[in-house]
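Lettered A, B, C and D in written order, each chain numbered from 1.
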């Protein structure tokens, strides 16, 4: 079976009966909706890159299940080299889209479910691992995009799933049938949900025996009966609806996507169920998925950072201040922070190890350290970008003003001429190029891409505190205390 | 003459023939334009507060020129107590509006022009100071809002005004007449320009003799012939145009404003000219205006910070995680950073001193230190607010989804019911209140208020590097070296 | 009665029978001990400055009790101007000594005990306030140095005073007699204890009824029967014992002092007891003393910072890299951080208020914010100083090597000649001056002064977490939540 | 030939006629000198570890030149796995010694000289590479420690080597003979110089044709005629001379070493010359050595960090505050920062590549990013350690006080009993253990180990600005600008 191109991927979405709501209405032709399409283009870029000679080295992998050539986004990582290539692929795609390309959650769920099902089977004699492999071969051979759906709305954070007033705030089994189960609930902030062919649902936290009904993992087509999405609003989302919008969008072609996915009594056949009530494995699955996904941020956001650094350098050049030592030093700092995140992404990959199932897992401590840095550095990179860009980034006239031929001057100048002339800097710089780069930075720092670059960096793959808990757990404090005792001459009792 | 109320102020704007362009068109009724009105409400708050018994102690001052009761925004500061009260007033208004109330630039220009004209006259025997006092009495007695306009578009940053390819990138004298001058050019990112009755134009940098035509300070009505504004686009600006918008706005009532002000051969009568060619005083005027304005940020942004901290605390409470030590610690950190900025605002005021003209100037070093902190801490405060808010801040459905009665569920549930139920947290919390506070934080961190809270904190009153230059200049390094030599036993040659 | 000079102060110490232990021995002539003397010189500087015409404006105050001219270190602050002058005096003395001059703890205890005794009396009809005023007049008129002793050793931090296995880890009443009490226990890390004429002992934490015996405040002469000190070791302390030491000391004349003060059944007559069992006032006294003392750090450490910045600038100049933009920028950053701390010191003073007793208390929130910054910025200032100084600061030969006339070269060069020649930079710089400034910085960053500049900045007047607790308590979170609700349109129930 | 044990290594030093000066005198038996011995023990640990079964996997490598088993410290890295193992070995030794074990500079010089000589030969037809391999085989087979000496004293930083008033501030050829050269000059802050069998001297900066005499690389026995060292003083160095010192040392067994190495007309035979006048290769050698050495810091300082974190955790436990959330959070932060450095060390290794000579070089950008982080994070880790330790770390009595049996109490208690009892915390904690851990932390934060952990982290392998220059150079800004142009829709001209 051949890998899809970006165009084929987009066509494949049209065949689905995915149900999407936005602004209180159902969106019928969501594939061509101007607010949604940039996010589809982003996923399409993961297909096109696989067909690109220069990038296929990173993009194409060989399935450990079938030996087929597959898109790396559906690969099971079988070595530390695979793990490193994953990060490099993500950086490359971040550089191309300056956005979230959404397909990582699926890849990360495949690898986490692969090893976890193996260990559940080992304990309980279940056949989840085989089921999952069968499902995955279908995904690989059809080159599908899958949403790895983890985060439940969670209701009252001080209560466990089974203690919630409203059980629907965690996905759960509503009914057990011979041939499958009926599930109910929702997953919040699902990246790329609408653009996925399938979903894999996973639990969102470690669970105790009383939360048995919530310890669930299963796959489901995105257009299953009872499954629908409510599209999340983002900063500046409706700019994309403005007629003729180009410059003001900052990034016309690409963008991210977040949705609330609702499961309204959806039937899941047994063959797609990969965990059902084995509560003690919920934490393992969460930890592994989160680990892989925290590694991911050491690639994708670094790629976006590369574009931001380049844009800031251009903005300085257009202004005529690219030689100022303060500007150069800020670009160095941005680069330093960006590469520090990348180092963490690479390190947790190079320090990976084989699971019982044979696939490779990242170094958990380092992956959490990676993501913890990603909750901080993009904010500082964005601040420095805003610094270099200058205030015009947020005060400049609209694209329509620059293009207006309304006569407003005493000597017959148009509004567009005034704007272009007054906000020009030097003869060799086209004012419109300057505006383009400033609007790009506005989009990254405050606009819809800011959701992806900043807030998603903070909360995606788990909020900062989640990583700190893992760092505490993985830090081997007892071992460190022993080292200190030895040096200080304290007997270790 | 009585002080205006907010309502009277708004009515007074209708009487002006201010020319405003936006999206390539002239906006006729800009006073009621939904994108502009919140910024007008903000200025109106400075009038209403003066009429409020609880706040008039901060808001009302006594003119040193007339003895009349005036709004502090048109006051000449005559003591360190005045300087401190200014900052406290700004914090209080920031708390009320969570926005930029725009009237500070005028107040700060009054105080800078007041002392600088005195010193120009002292050297050149001109009568700028008297002219200015006459103008100011008019402003005080009519309780006017004035835009203190400093920042020229500046063209190529590596060239001086007289070296620019296009002279219009700095405001300059185009023609000298017996009764006045004709000026041309523009001022970029003018805060509250549209909402001001008058403008005071000032030079934007220190100048050399060859830049004589650019060393200009003058006042001008906002609706003068040849003067017009192009409204700057901001993040999420058009959300305000959405029908029925309320929750999604985050801050429905208030907002900021930035515009490009264009002077298309505007005639300025002699009586409104306060500097004309005295190049060596351009730097003094810039330094003083910037100094006062850098003090201002130690008040207004702190007030906004208070609201953000409160909002983050509410978001945590609505989530059920207000007792988590990590959350509490983040709130402490936000408070600490916020109060540090305030301390700098207060300190530069308490350490103020009388100018030759008799009015009080802030401590320049401390005012620059104040603003330097404001270029950093709001970014961290916003990051921590996003952290506490959680990802839902940027992924949640629109207000219209929450209010939709479209039936979408198998059991007849509406889209609104699904959203409300699934994103609820605990019985005592109204889901809509939770959404309100998250949308407020979205607006502050990424939306139109982010322009005011983040980017304006960075670049308003001068970009970070401008403060560093002043800190270097004011730091008395030679004195510090002497101290070190004495302690280290080095002879001071 | 006349104020003492520094020399008179030093003589006055000889008359005391203070018992000091160090390295396991009693030090008889501690006044002339080379390890102790620099700390005495520091206190002496507070006397000499009062006699210095240029500084007496800051140093001399008028007693609110007697109208006498007194050293500000024994003053009760009666206005915000007094509070500001206190901070300015501390900065000036920090600039002169680059060390801790130790006399602040006394001053801060006077002001805290003054207002707290007034309020205890108000509630209980006791006469503590009158007793204390009588004591203070004696201190003022004799120009004494007093150690304000607060910090008990505290034993197990998870237990209260009355729960400790060893009651002596908190100062307590061992026996009540008609004419006074016998007290037992200790105070750890007492700054300037040895150099003080008297001590005021205060409780170290808020207490509950069961801790009655520990809720104690009293004054005691430093050479009382049963009171003795154990001198704390500090980094590089014994360098001061090296024969002929000068350059290697970094700061030959001045230094700090920390000691463990032990109360071995000391009798305290009733007239010197200012609290005895009024547990609910222990917290107030702690909070007030800590507040004043946290303000102090916004003065003294800033003065030391001034010297460090000057020294770093000199080091750069001696190296020939004073024009490098990276070096200049680091000096700006150091200045910025240093002045930020000062701003906090000034702000909490200018925002002070009268207590019930009539003396002025600083703004508690701002004083805690001040100290919190002092737990961070000196570390970064020191790091930047080390950066500018270069590695030679910690690798260079000893003073004895530079001065050695041992012939070691093939051409008869001495060891001193080699060192001087090879570590010279340019003809106009004396290599010994370069070494002096580097040793000064070594002393500040790593040597005995590092204890005062770094660790004392961290823990003095309470460790960072103590300030965070106060910031949380003083931050008025409820008020901030109300502000947020109002803006966001949430009904305040 | 067998690898040496630590004991054999120490004996081998006795056979050398190394000339060491300290405090103005020559130290004859420097091997047993208490101030020097801890640094020798540290190097010895690199020998002992090779003999340790558990560690030999990291310690032993196979020579690419001879196939012999060698200590990794003399290995030429032939793969990314070798590069990663180097970092892991360094972390392990940092954990064991909490000090600088000094042998890395040699290893890093071997790898830099290996590839650079290959490329010089390629251009000039010289035989430096063969000479060097011969030398290296001797080093490997005799298991020698070699000082890689790079940093010249540098004189006036604004002048090049040939412009200096005193040519000796850069090592240079003084005389050319048929069989070799006579060199003169010095190397400052040489880590482990005294403890090395041989030295490799390298140039310290990129050079221009006029600096031909300074573009020199050669090997030389440590006891060559005319070569001598002046031992650098460090914080608390003489504590090691105190009789019976144990606890007060903090780290009794191990320590670092810095010396000034002087070349007083030393003759170098041709076979040991590896560069002589090929100025355009000076920069390459510096860059490569610095690159390898910046990688090293991502290992060794992380190992020390592990001990510090463990010590802080113990201090908290001894205090009874190990469960406080603020304490736990600080330990997490320390771990996070420490692991971030490690990630950078691993990443630049895993991303390494083969040089023309065939050995592996680290990724230069990432190695510089690694070191840049090491100039920051250890300072924050140390600050947090001081925070957790509490003030007692710098105020506590000396070891001699704790051990004193001088009777000082009314009831016959000794000084030691008072100290032990009052500074105890809970029954299960031996007060002496508490003191040990605090003295260890004092030593790391302020004492002689602080030189190694803090200042060496700042300046070792190049000061921060050196890394920033490399980051700017390696950051591919043009490529990043192209990415931004593409996304923003700007034509790339």
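Throughout what follows, a contact is a pair of C-beta atoms (placed from the backbone, for glycine too) under 8 Å apart; a residue touches a chain by one contact, two chains touch by 3 or more.
Predicted model only: the values in this text are computed from it and were never measured.
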Note: chains that touch subunit B and subunit C both are A, D
Angle of the rotation mapping subunit C onto its copy subunit D, from a C-alpha fit, rounded to a multiple of 5 degrees, please.
180
Find the geometric centre of each of subunit A and subunit B from their Cα atoms only, then give the gap between the two centres in Å, rounded to an integer.
36
Centre to centre, by mean C-alpha position, how many angstrom separate subunit A and subunit C?
51
For subunit A, residues contacting two or more additional chains
326, 329, 468
Subunit B touches which residues of subunit C in the complex?
84, 95-98, 246-247, 250-254, 306-311, 313-314, 317, 328-329, 331-332, 335-336, 339-340, 342-351, 365-366, 369-370, 372-373, 433, 436-437, 439-440, 468, 471-472, 475, 477, 479-491
In their complex, what parts of subunit A are in touch with subunit C?
325-326, 329
With touch defined as at the start, can you tell me which subunit C residues reach subunit D in the complex?
19, 21-26, 151, 153, 155-159, 165-166, 168-169, 185-186, 188-189, 226, 228, 230-236, 238-239, 242, 248, 258-260, 262, 264-265, 319-321, 323-324, 326, 375-376, 379-380, 383, 386-387, 390-398, 400-401, 403-404, 406, 408-410, 413, 415-416, 418-419, 421-427, 442, 445-447, 450-451, 454-456, 458-460, 463-465, 468
